[in-house]
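You will see two complexes here that share chain A, one where it goes with chain B and one where it goes with chain C.
Take a look at the complex of A and B:
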């Protein structure tokens, strides 16, 4: 607890990496108006792992898309190192903020090989890396995520498993080595046996490179396992926030309690 | 890719269509280079029936129908091809941009497209061909092409707006791709089979549209096309006088050319439709 407090204090003094201020996203207008994200504010600090938790339709993916500049906020703003991200050059921003998407099947363009998938990462570096250097870096990144470059580099996506594809996504993130990685349900569509491996890999990445990671997930177990802090989102609003241990042990919001009650455990039989 | 090729070659419809089309193509492209006759050269009298001198008889000015048929087929195919390229090009560009951009751009482009669909193409075609002075075969093709893209645009737009939500498009965008690169590299490859088939249909429609326009007397000047042959036959009342050799051959060639393209299209449909692929 003392350690946690010390960690918190040191974070307070540090400048946040990303600040989300009063972020709101409204889809449609008039009668069809849907407020997907409603006045959401939070910060991410350097080196921190946080989770944005919520069920489908809670607005967590919309929030992630706005952070990635794939979608424009209706109101509010996002600051990266104190600068409004809308005012930054796309390539400059994406060199520092990257993503891993949920669906390892539709994240790959089936017309291109693994090699050309990974070489896209170098576009963000301004293309001043020579071809042979690129090749060496790709092989190293693939080795780090436990993939055999010799065997896989010229394969097409349909020849790879879901777990291999998700590892490649991480290898891509490694090549770019951003300061913030948004991981949108990175393990929801792969085999249970590969899940922990992928999560540990991401956590190592954070530890070794000082990279911040934001998990977008509905899985409170994953969030608790990986994250320093949790943000619980329901119907577009953040209903609870705090260090993982506190949120899980003393939930104050009704929604959080329900979410926790739904977690299946091995020791307790479900009353069905 | 190799796998697709095998499937294509195994499709009977495609093979019959391809053979028929190649035969027509050879006739129209090689024919004029082999013959020593000129399509405007007089070799006999008014509507001479087929004979040894002119195997398909002569037309209203005593010119050899068979020679005209060779030149005419070539011209008609050229016009159809140009029309197909232009229509597919415009349709794919407008459809892809509208579907990808969405919002106001989409509304605007689709508004224009829908207005063009409601105006009968033949009216626009007639007005355009009157307005434009030059009337070479290529210009004819362009005129036909710029009136027949709207359906392609609508179909491409629909496919693009579904493809653009895929995660690999998002991933490419956060890798710094520009909008044009996203469309060309991430969206269009998934539509390639569709675009190719749309082109085949536009090609076929281009050939028949040329015949329609030319039969009305709005065809290319100083060249023979299948439609122009029909125009002459019509003007000189070949049908009423029973000179079948003046109008039947171009009609048969028009039919075979567009039928073979339809067969190719149907064969490709079999190949590209994954539900039919397993058998």
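Take a look at the complex of A and C:
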């Protein structure tokens, strides 16, 4: 927490890693028009952990997809280290910005084994590592996320459980250790007792290597535990933002207040 | 008033090919008391849904009851002829909202057909019109919109679908409602609306008690009177909500409570640690205490012998440290 505060204090003097400016995404037109993301602006500083927090349908994944260049903004722009991401070369960008997705099935090609899925991380990084070193690094990354390499390395994605696939995504992120990790509901299929361990690992990675993380989640506890700052999203707009403790303890926006009141906590019992 | 439902040393295994057995519920003894919300907690795969299926008599092969008894309303449920169970118990005395029920509604049929099917299954002489009228009256009574009956499932939000399924599953005023993860996968606001509905059903005495199954302990802090914690097919600790949430005794309950990420100060003031390792494979669970491979407090005989229950007041704990 001390480090996080130091980062918060110094961030004003630093250049943001990512700047999102007036980002808007409209799907469909006429009476089918959906404004999924509505004039959203924020920035992420190096080494910072933030959460984009909102209920389902609030526009979180759409925002993430635009940041990852998987979807074109209708309006607005995204800068990475000051450069418009549309003008960057794909490989260059994805070496520095990586994602862990909500539905891990959709991000795996079912013909590849776990081994070839992880091998690609090395190709993307572009640094030359011998095959045997790669193997050792893969096994270590898998071990860190609680996967047994011996048993799983040559399995295919559909042979793994949802939780195992999410762990695998995280192992890959560990191998790539990008500058910015976008984690969209990264632990939704992992049980509480293991979830914390995995989050701790990602937080350590951020602390030790200065990796920035943007969690995208509806899990307020997760966001509060991991993040320096929270961005609360409702119906495509960011309705409240600030340091996690401040937002949770003194929410100013009406929607945020209601959201927090509905989260079950341990200290209070609801009046029902 | 007597217990509404009792399970005695219940064992239910999935029997797969090659003689492999998954010992999903392995010696569970638990009662549901009148006028209570009993929380059944534990991580995925520990046997909660299997237990729910057996005590609601909705289990099917490959799940088989191997041993034990379930008694309710004076009946030995597991030995009751199927026809009698359907007429006298299911829907009327015990009703279940299975895990994922809201997504199991037939997408091509209006919601009212679910009510008709449900009612005619248990009361074959009821007409469709009577069934729909009954459903409509109940929705009115609970201040829920009647239009849900003429809607198709996809036209309703997740929270509304779940509330509708709960209302329609309790039309015959069962004493016992078994709700398996009724709020998982819902946003917090819909989650709270579902909880409110369940509390109203109790207040209005439409139902008498609820077995509320969930993996979220903070939610049980809100609704439960007692909590039973399961691990790897067995109970590890049963007690009042306060005992389990605020003074857990079993190392697993403690570790699980300790890994809850709630938005409260204490969570940011220290590093929260999860539980290392993963739950055991129930095809071949470890000998002795099933939690021993992950337990930081284990002693010698934990690996050899199963801990017997120790009861003090309302609390029972299955751990050698209590003996």
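FYI, the second predicted complex is superposed on the first by the 246 of 272 C-alpha atoms of A that agree within 3 Å, B and C clash if a C-alpha of one lies under 4 Å from a C-alpha of the other, contacts with A are read in each partner's own complex, and residues count from 1 in each chain.
Just so it is clear, a contact is a pair of C-beta atoms (placed from the backbone, for glycine too) under 8 Å apart; a residue touches a chain by one contact, two chains touch by 3 or more.
From a predicted model like this one, the values you see are computed outputs, not experimental measurements.
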Combined model on chain A: chain C and chain B, fit or clash: fit
Touching partner for A:23 - first (chain B), second (chain C), both, neither: neither
Which of chain B and chain C A:221 touches, first, second, both or neither: second
Touching partner for A:123 - first (chain B), second (chain C), both, neither: first
Touching partner for A:56 - first (chain B), second (chain C), both, neither: second
Once both complexes are placed on the shared chain, angle at chain A toward chain B and chain C, C-alpha, multiple of 10 degrees: 80
Which superposed partner A:98 touches (first chain B, second chain C, both, neither): first
Touching partner for A:232 - first (chain B), second (chain C), both, neither: neither
Residues of chain A touched, compared between chain B and chain C (which is higher): C
Partner chain(s) touched by A:192 [first = chain B, second = chain C, both, neither]: second
Minimal inter-chain CA distance - chain C and chain B, angstrom: 12
Shared chain A contacts, counted only where both chain B and chain C touch the same residue: none
Of all residues in chain A, those that touch chain C in their complex: 1, 55-56, 146, 163, 191-200, 218-225, 244-245, 248-249, 258-260, 262-267, 269-270, 272
Parts of chain A lying in touch with chain B, wherever the complex brings them together: 65, 68-70, 90-91, 94, 98-99, 101-103, 106-109, 111, 120-121, 123-124
Partner chain A, residues of chain C touching it in the complex: 43-44, 187-189, 191-192, 195-196, 199, 215-216, 218-219, 221-223, 245, 255-256, 259-265, 267-268, 271-278
Residue ranges of chain B in contact with chain A within the complex: 166-168, 170-177, 185-186, 189-190
